[in-house]
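The following pair of complexes shares a single chain, chain A, combined with chain B in the former and chain C in the latter.
Now for the complex of A and B:
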């Protein structure tokens, strides 16, 4: 059963960071919208990273809008996870899936 | 046992992504990610998650890491602890340590988490002493746990507790520094001085470093990477000390090869503490870049 989500966000638009918004949508699945300064080189890798991170947290019916400012992989992952936890209203994550 | 060099312990706010990603570049002896005072209440969760991932990143594999967690009586303390230990942090910096019970409570929580995730008793503790009560209890705090690797002075909160303010000459910290140093040495653990907040005052910073080095402190907490080379230079041993240390170690090596138990150098007896001191000077010289690895 998919978890109930609210709109939430995490991160900043500063250099080396990423700003991630989580928006619940009616459609099933996970939709990703990416805006990145390194789109051409790493766009596909970032989309895969965001998708895998969201899937591991067992959510669906969601749109993830990611504005990447040249962030390292782990920064993007941390921002996606924080935004999802905020959307779920959960303080403590399941550490084993992070 | 050889001591690890801990001259510079650089505070990195967990909410400052740029600093979290780049702090390793400045080569402090220890990177101390902060989840406490430098992080706004609204960003405690995001800073914790960022630090959880940074600790596991390869850029921090060869550098000692610490995390300053929030107090256990806050809604964040236990979550911080879980994240830091799961991510493999070396040291937990315990904030505002007033009593032995503060340490024992933290130690118990660390053990619970380590047992749950199957990490053998690896996590060390660094207690920050930031009040008159903490200073008075420093001797007991320093030796109440096998995990304790050091105690540190947190001067900003301490001077507030004393109802005074910090000055350049530091007379208001004299009693606390001496007490913390004595407590640490009696327990055979490290002693670390507080931050020097005026990052533009190089002269004042170096003066303070020379002073705390002279007292016997191992190092100092830092808030700005520009202070790292100033600190390391100030901690670098003099050429005279390096020459002495080389002579001691050569004499010890020679005596060992010849099966001699007692060593004498320039008419003075060289025993185990002197050899340890000489090794410490050579380690410092190498870490400070004034002596090559092969020398």
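Now for the complex of A and C:
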């Protein structure tokens, strides 16, 4: 199941935060572009987190661009969720999947 | 320290004047084409600002005393918020070379510099995609020519130039300026060029892009000497052409029409000759100036055609343009009358 998406974003570029952009693309699946100040240590973990979060919200055909400034993982997760909700035009998340 | 951010719309002339004053205080000129400014204030005093003009971020400045990554990143967050909200996704950014790192940490990638005074960055990988796209059209040969044209509209003068270039070259790449800032729309200009040159075999007609003579690449703001504005812009454009685009197609020559009348364009041609052949890690490109074809004792030019259109002297346009261009002009004029 996939839903209709618009471009959207959430977050800031400030320290300990993340800036997430959601851009619909023609290709299927979920593409992730990550730039992180802690790339070497946590790059793979962040990519997995972003991917799992997006999958749980049942979206595809999307590119997620994440600028991470050393955010803790629940911050990244929240920013990704918010950006996706905005992309879906939904105000309330499906709490059961979060 | 906390800052208060706000937006300054184009209609608010008093607040825009305050932005202008702030920019002057850090030795920048306000770029008048900026639509929306984002400003950061501390105790009612502007301490940072940044502007959005089309898809270009410019006039980004911070008070000297507060220059640190913290405020810069907050400002950029606000500015990107505005840009994305306005539906501008693929953005360009002009800044001084000193601040390259700051903006790279905001997701922007370096494209090119000019005179060590200005750098251009973008938040996408579009130039890489464009380069990859160009490589598909590569033709090998001893002389691979290139022409960049606006053709507003396409005339027999343009055709003569392209014919000359194609005669001198194994292959020619013609780039059509994509920016819709001319009297004739891009799609019309492109179609007239394609139709008017359909019989020429060793020619590829390319749609232009943000990277060839486009509005998105026109920095003006941190240049104090107004006479330098054009040369900074042209140098940036020529650097992108020589260092990024030409190598994808193996371009060895660039053809231009000579400019006996317009001093500005003539200066541009001379600058092009110097820059494209200057010593560099990239192969030199030879600039060839071609003479212009005349009709009735005057060079055939697009501006001459547009003047005749304004004066409604349609018959006099016929000998200056190919039939396909004339057909469109006739259609446009009859629509106007109706």
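Assume the second predicted complex is superposed on the first by the 98 of 98 C-alpha atoms of A that agree within 3 Å, B and C clash if a C-alpha of one lies under 4 Å from a C-alpha of the other, contacts with A are read in each partner's own complex, and residues count from 1 in each chain.
As a working rule, a contact is a pair of C-beta atoms (placed from the backbone, for glycine too) under 8 Å apart; a residue touches a chain by one contact, two chains touch by 3 or more.
Not measured: the values here are computed from a predicted model.
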Room on chain A for both chain B and chain C (clash or fit): fit
Chain B versus chain C as contact partner of A:84, first or second or both or neither: neither
Contacts of A:95 with chain B and chain C, given as first, second, both or neither: first
Contacts of A:7 with chain B and chain C, given as first, second, both or neither: second
Partner chain(s) touched by A:23 [first = chain B, second = chain C, both, neither]: second
Partner chain in contact with A:54 - chain B first, chain C second, else both or neither: neither
First (chain B), second (chain C), both or neither touched by A:62: neither
Chain A: partner with more touched residues, chain B or chain C: B
Included angle at chain A between vectors to chain C and chain B, based on C-alpha centres and rounded to the nearest 10 degrees: 120
Partner chain in contact with A:34 - chain B first, chain C second, else both or neither: neither
First (chain B), second (chain C), both or neither touched by A:46: neither
Touching partner for A:15 - first (chain B), second (chain C), both, neither: both
Lowest C-alpha to C-alpha distance for chain C against chain B (Å): 11
On chain A, the residue positions that both chain B and chain C contact, one per complex: 11-12, 14-15
Chain B contact footprint on chain A (complex, rising order): 10-12, 14-17, 71-72, 74-75, 77-79, 81-82, 85-86, 91-93, 95, 98
Chain A residues within the chain C interface of the complex: 7-9, 11-15, 19, 21, 23, 35, 37, 65, 67, 69
Residue ranges of chain B in contact with chain A within the complex: 17-18, 20-22, 45-46, 49-50, 52-54, 56-57, 75, 79, 82-83, 86
Residue numbers on chain C that touch chain A, as the complex places them: 70, 73-74, 76-77, 80-81, 84, 87, 89, 105-107
